[in-house]
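Each structure below is given as structure tokens.
Both complexes shown next keep chain A, but they swap its partner, so chain B is in the first and chain C is in the second.
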Partner chain A sequence: MWFYEKKLQYPVRVSTCNPKLAKYLIEQYGGADGELAAALRYLNQRYTIPDKVVGLLTDIGTEEFAHLEMIATMVYKLTKDATPEQLKEAGLGEHYVNHDSALFYNNAAGTPWTATYIQAKGDPIADLYEDIAAEEKARATYQWIIDMSDDPDLNDGLRFLRQREIVHSQRFREAVEILKEERDRKKFF
Partner chain B sequence: MNEKHQKSFTTVKSYRPFHSRYDPCKPIGVKYYSTPPNLFLGFQPPNLQQFSAKEALKKGTLWRFFYDYYENPYEKKGR
Partner chain C sequence: MKELPQEYYQLLEEIQAADFVLVELSLYLDTHPNDIEAIQQFNQYAQYSKQLKQMFESKFGALQQFGNSFSDANWSWGTMPWPWQV
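This part shows the complex of A and B:
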């Protein structure tokens, strides 16, 4: 069960109407290494992973939904009140035809989200290594978006999200260490 | 911060990709990539230095060790 707190994890500010930036940002919404993929991956893997790290997957998976909500707010603000003409200029003409200004789970190139982006192998090491890779890929995506963006307010929020990827990667790496550990076993070499 | 865990590494690395005279784009010169602090610590040891709660909420981590500010490395170079 979840409790919902009606506020964002980190305040989202956007300085200009910039649908082009929204088109880039949607990669982190419905892309392969985006927040939706991350949340669904972790919250699904947790059923078949050793007890010691279930809580970690629950916590991080939950936080990814908080990030998803931040990205949604950013995309919404960047496109709010934009005319069809402005959307077209930003390369969102196809999006407008299908969705108007509604958000949708697709990547920056318009490919819809698919469950084939994520895996649950049932092998704890394989799954955690995928999770570490996902965090590093999301971190890189945030960097590339920051590189392309000239919106300082937006970048402030993106830097926060990038920092969270670093912390999550650290915790997944620690989870691997926990599962490797021999500490509580009666094992003599 | 523990003496032992002082930051003794860099979080940005660079290399010079090979540029052939047949490559049409102007050489980028140096390529950069991030190597954030989480790559260097292993299991987090006890008693690492913390940010204040208020600062931590802003920075995205409680732990000074993991904080890694990112800026566009190409822009900084004025390209």
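This part shows the complex of A and C:
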């Protein structure tokens, strides 16, 4: 079971209304390497992964939902005061006619989220290597968004998220080592 | 929506900082489950976080659902802002 807690994992502030940045940020909401994909990937893999790493997938998967909420908050704050005209100028005209200013799970180019972004092979090493790659891709995406952004308040939150991907990648690498050790031990006894 | 006092943000940030330590320690313990010092630190921060939340909730209403938080006596049910609104 999951519980909701009425707080963000880390404070989110934005300097000004900036729908263009929101359009870029949506990549981490409903994109291939975004937070929704991450959360759903890990929480789904955990049912068949060896016991030793179920806790890690559960905890990181749960944290990804907290990141998803941070991204949503960023997008919401960047667009809540935008006029339809401003949304159109920012390249969000197509979004507006379908969703008004509601959020939707699509990437920066407007392609809707799809389960084909994620995988569950049932092979623990294959699954964990995918997870490591996903974290590295998410880290890179955060960096590219920071490079596109001139909002210092927003960048503070984005840097926090970028650093979390580094920690997640590190923990998944450790999980691989734990499983390899266990496998080698089994060979000898 | 009612204007929130500075104290709301201060207390919230203290909770966020304490809970961040707990998230970090959780992931660390997932791959280092025998680190006794990390377990001690985890329990210490879990206690500290609970205290901070009790204080916050007595002033600003429940943080968690389904009975994990007590409801206050200020009729704040359903009236406090959501995280993206502050």
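One rule holds in what follows: the second predicted complex is superposed on the first by the 181 of 189 C-alpha atoms of A that agree within 3 Å, B and C clash if a C-alpha of one lies under 4 Å from a C-alpha of the other, contacts with A are read in each partner's own complex, and residues count from 1 in each chain.
Methods note: a residue touches a chain if its C-beta (ideal position, glycine included) is under 8 Å from a C-beta of that chain, and two chains touch if they have at least 3 such contacts.
Since the model is a prediction, treat every value here as computed from it, not as a measurement.
For A:Q163, is the partner it touches chain B (first), chain C (second), both, or none of the two (neither)?
first
For A:R139, using the defined touch cut-off, is the partner it touches chain B, chain C, both, or neither? Pick first, second, both or neither.
First partner only, chain B.
Which partner, once the models are overlaid, touches more of chain A's residues, chain C or chain B?
Between chain B and chain C, the winner on chain A residue contacts is C.
First (chain B), second (chain C), both or neither: which does A:D147 touch?
After superposing on A, A:D147 lies in contact with chain B but is clear of chain C.
Does chain B (first) or chain C (second) touch A:F3, or do both, or does neither?
second
Quick check on the superposed pair: does A:I71 touch chain B, chain C, both, or neither? Answer first, second, both or neither.
Neither partner.
Is A:E174 touching the first partner chain B, the second partner chain C, both, or neither of them?
both
Starting from the residues of chain A touching chain B, keep only those that also touch chain C in the other complex, and list them.
Comparing the two interfaces on chain A, one with chain B and one with chain C, the shared residues are 10, 167, 174.
Could you list, by residue number, the parts of chain A that touch chain C in their complex?
3-12, 53, 55-56, 59-60, 63, 69, 72-73, 76-77, 167-168, 171, 174-175, 178
In their complex, what parts of chain A are in touch with chain B?
10, 139-140, 142-143, 146-147, 159-164, 166-167, 169-170, 173-174, 177
If we count contacts the way the header does, which residues on chain C are in touch with chain A in the complex?
Interface residues on chain C, with respect to chain A: 12-13, 15-16, 19-20, 23-24, 26-28, 30-32, 62-66, 68, 80, 82-84.
In the complex of these two chains, what residues of chain B are touching chain A?
34, 36-38, 41-44, 57-61, 63, 66-72, 74-75
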